[in-house]
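Below are structures written as structure tokens.
Both complexes below contain chain A, partnered by chain B and then by chain C.
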Partner chain A sequence: MAEVRLLDITKKFGNFTAVDDVSLEASDGEFVVLVGPSGCGKTTTLRMVAGLEDITQGQIYIGDRLVNDVPPKDRDIAMVFQNYALYPHMDVYNNMAFGLKLRKVPKKEIDQRVRNAADLLGIGDKLRSKPRELSGGQRQRVALGRAIVRDPKVFLFDEPLSNLDAKLRVRMRAELSELHERLKTTTVYVTHDQTEAMTLGHRVAVMKDGLVQQYDDPQTIYDHPANMFVAGFIGSPAMNFLDAQVVGEDGKFYVQGKGFKLLIPNEKATDAVKDYAGKEVVFGIRPEDIRAPEMMREPREEMQFPGRVRVREPLGDEQIVYADISGDDIVAKLDPHLPISHGQDITLEAVTERMHLFDKESEEAIV
Partner chain B sequence: MARASRVSVVFRGLWRVPQVLWSCTRRTTSFVMRRTQERPWLFFVGPALLILGFFLVYPSVATVWRSFYGRGATLFGDIRYVGLDNWRYVFTHPTMTGALRNNALWVGVFTMTTVGLGTALAVLLDRVRYERILKSVIFVPAAISYVGASVIWRFMYAYRPAGMPQIGVLNALVVALGGEPQGWLLLRPWVNNLLLIVVAIWIWTGFCMVIMSAAYKNIPKQLLEASRIDGANEWQTFRKVILPLLWPTATVVGVTMVVQVLKTFDVVYVMTNGAFETEVVANRMYKEMFNFRNYGRASAIAVALFLFLVPFMVVNVRRFTGQGGAR
Partner chain C sequence: MNPTKLLGRFPIHVFLLVIAFVWVVPTLGLLITSFRTPGEIVTSGWWTTIPRLYDVSQFTLQNYHSVLTREGLGLAFRNSLFISVPSTLISVIVASLAAYGFAWLKFRGRKALFLLVVALMVVPMHVTFIPVITAFRRIGLGGTYPGIWLAHTAYGLPLTTFLMHSFISGIPKELFDSAAIDGSSPLSTFWRIVMPISVPALASVFIFQFLWIWNDLLVALVFVGATPDVAPLTVAVANLVTNRGQNWELLTAAAFITMVLPVFVFFSLQRYFVRGILAGSVKG
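What follows is the complex of A and B.
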């Protein structure tokens, strides 16, 4: 068990900076997720922690030890790869025992550890199978087992679920969570899937272009995204962004754009927002924070705006409505029982208590 | 006028050509159709069987037959049955036992070295910056014929008496280092045989390297990374992960090399022609056939050589059809 600390880590491939001055730490037993679009440097960061990639600048500590120049085999880490990287010529047992044999662990103990891990993962009856005889999910479990038996200080996961089909992915996600609860090993997990990031991570680092955009617990990232990128990346469907202006009238503040003028509630009308009075901003509202007034107990007129339905996607538990408001598109997640049809004019209400405003230039959050 | 009418006749005749062709085709087709309905397989396999029979089966059977007959055992020569005499010669005569021993030496040394060196080069060059250029250079000899290579290497091994300028690279080196020039190809029986084998190794190592390199690059790099993280050092990674994954390919390449080298002929023919105890089976076969005109013996040697090859061919065929392979 150990914490992992990255201090001002930079990685350059020639002139290209893959990871730019990243600092992160995962405390003992914590599950940290690095998430971002492809090419954001998340995998490179993970590989530097693993020791598979040299560090151009900065320091990495595992526990109290500076590991910059420690080869992977001496870092006491285990890694699960995207394509599992099982040794095709070894059976499941030997795949899992390989690391232990190299470390000269007594045979009896190897046997016990492998069998325990296999039982834990439900592959106890597959120990003599070769990887090619296994299904994707089973291979995934073997890869996990290979990491578990070593009982390392840190688990590193590189998109371990992305090769599985959707259903299995959801199940393995839950199993990973459960496994971590049981083992409490410090974990760094890389994914491009924001759902995985949100569900698995104690803390999530959202990365883009080699930079950490925000590093916080999932709920904070969802509720208070630091900038437009994080706001748009986390959440599905993505947050709506509309060009707008902050307008002050009679001591009240409004956010006004093409086809809408919404009241900014008091708790959101901070000094920072007031400073933007009369200036251009980007108004952000999540689809789930847009409602239909007829479904609300107390509709509030100054938070409503008109739109015309372009597309409606009924999902059973909700319906996704794409509406046109004065030429801009907006997505809303509405109650599935609301009768809505294409081309219909509707009135929508924004829960402005949960709205976001971003600076138009820097894209940083104002509130 | 007469000429014109002849032309017109020819023309009118030309008109009939398609008609004749058509009726011929129709008749043949109906004949074939009838036959085909009775024995449909004959129609498809027949031509191939004919060709194979004439060019493959007949010569093989005839060669086996000849191996039991005297020296003039052609269709029109002295047909004298000699029983196992030729075969006794193949396996007991000192010339032949020497040739068989040399062939064994060739198979062992050549195959181990080409496949081993090829694999080592494939794995090591993968980490070198100028990999492509180096691999091309090493592969070049594969494009040189045996005879050409042998001529080149005769110069490498060339001997001039001590005191004279050495034109052979090897002797020049030896003399430069203060040694006595050697007649390399006279140093029987090990040095000269090994030096001949070196020529073939020089030709084939590049080929083995290219195939092994393809197999090596086919191993997902994550496997090697996983092994490093699991705690293996470079050598353990090579032994426990890389080598087992290369093994099926190495077997195929190795067997191919064995098949190549069992038939070895050109290098020996050009460089020593089997003198100084460097004889090999194929060269002996050539001599019996074309120098001594002993068809019976030559046939026996040919059949023996073929029999040596059979087990290796079986291995290779099984590999190719995917029965014996792990992958």
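What follows is the complex of A and C.
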């Protein structure tokens, strides 16, 4: 096992900068997730760690070793690909044993390691099957097995679950988590699925345009997104953004926009916020932080605003309500038993203790 | 199958039957004629034997015996094998290696070089005969097996490389990444991954190239035509037509000897045309 450190990594394809001065480190045994929309540089970053892509600038360390010029096979890593990349002409056993055979591991040991991994993954009875005879989930398990038998210092995952159907994906996600608990191998995992990132990662790096936007544990990323991109990317439905102004009145501070004026609670009224008094900001509030006052024990008028229901999506355990407030759209996750119908006028209350404010220009978080 | 579907396919079936009939009848005529005596061939048509096909006494193996021994077709058959098999193997192997390099190895001028090779497909081989023959004679390759192997390989390479390239470049990139991480060198990846996966393509290119060389008369005539010890069946049959144009019993037997191997090769490898071995390696 080992830590992985990326220092000021840059990757250029011609004039295009795919990865821009990225620094990250995964400590020994940590599960790190790179998440972001397609084209954000996450896969390129992973491929540079694997050695499948040259590094334009910067250094990558695995353990204490600088691996910039070390070929993939000597980096002591194993990688699982989105499309499994199983060797179609080999059976499951040989797919898993291939890397060990090339490394001249004794036959007995290969056999033992392959069987252990296969049992661990529940594919012990499939060892003589060819990949084409397996289901998607089984193939992905073989790909995992191929990584496990090598007993590498680092696991690299490139969107390993995105080819599976939704149900299987949830199950494999849990299995991956469990597997990591058991093996404790340092892992770098790439995905575009924020749920996967949140559930699997000890730490999550949110990337966009080749830059790391934020690198933190999942809860911090959710609670304190560094900028509007992170705030909008993590969480579903996405955070609401409304143009607003910070207003100071009688020692109290409000965030005011078209159709709403909400009290900024004391703990949120930091010096940074006060500096923005009279200036344009972007007000951010998550759908789950908007409530219906009638469902609250102590409704607070200063945090309420009116709206009109446009669409309502009942999901059973909650209902997603799209409301119009003075021409802007806002999404709220409300109690499913609240009687709401289309076109109805409604009063909503923002839990402003969990509100966010962003600088309009830089889109960086103010609070 | 339901009746409407059957009816819908009816024209296709009729069309296929007509084609099969048009091809089979002359072939059958050739086959029957090759087993008849010269006297009977000139006095009655081959179809007159059909009502009494069970009567084996009307047929003879003498024609085959004659062409194989007296007319030298036995030697020519062996020569054809000695020419076709190595020429095909060499060109398929070289083409696969080249295609793999062009498709997956990174080197300067890769695209330009590949285009150059493909462009060679349009060069008529005839313009190369005189210079190549002259060069061969000078280095002692004229009228030898290695000489014609080299010639066939060279003439076949542009197309075989192109065909193999289109298959090998379609292998998912992740397989190569995976092999590299597993510790496989480029050459070992070629032998352990690329070649086994390419079996369907190899088989079709092999058949293609083999039949081409087996049926080739021009290159054989130019490079080894003057050397009967090395000359293949096509040259021998051509000579037979010139020398014994009237002896239908010999010509038909010779024609069948020429056909046997290509037919055998085709039927033994044709399943590779159909089977896509790649199914299952990646989700497609």
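Keep this in mind: the second predicted complex is superposed on the first by the 367 of 367 C-alpha atoms of A that agree within 3 Å, B and C clash if a C-alpha of one lies under 4 Å from a C-alpha of the other, contacts with A are read in each partner's own complex, and residues count from 1 in each chain.
FYI, a residue touches a chain if its C-beta (ideal position, glycine included) is under 8 Å from a C-beta of that chain, and two chains touch if they have at least 3 such contacts.
Owing to the predicted nature of the structure, the values given are computational and were not obtained by experimental measurement.
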Would chain B and chain C fit next to each other on chain A once aligned, or clash? clash
For A:His202, select first, second, both or neither according to whether it touches chain B, chain C, the two together, or no partner. neither
With the two complexes superposed on chain A, say which partner A:Gly136 touches: chain B (first), chain C (second), both, or neither. second
More residues of chain A in touch with chain C or with chain B? C
Taking the superposition as given, does A:Arg103 touch the first partner, chain B, the second, chain C, both, or neither? both
After superposition on chain A, the chain A residues reached by both chain B and chain C are 50-52, 71-73, 77-79, 81-83, 85, 87-89, 98-99, 102-103, 146, 150
Show me the residue ranges of chain C that touch chain A in the complex, using the header's touch definition. 172, 174-175, 177-184, 188, 192-193, 196-197, 199, 277-283
For the chain B and chain A complex, residues of the former touching the latter: 220, 222-223, 225-233, 236, 240-241, 244-245, 326-327
Touching residues on chain A, where the partner in the complex is chain B: 50-52, 71-73, 77-79, 81-83, 85, 87-89, 98-99, 102-103, 146, 150
Chain A contacts chain C in the complex at 47, 50-52, 71-73, 77-79, 81-89, 98-99, 102-103, 130-134, 136, 139, 146, 150, 163
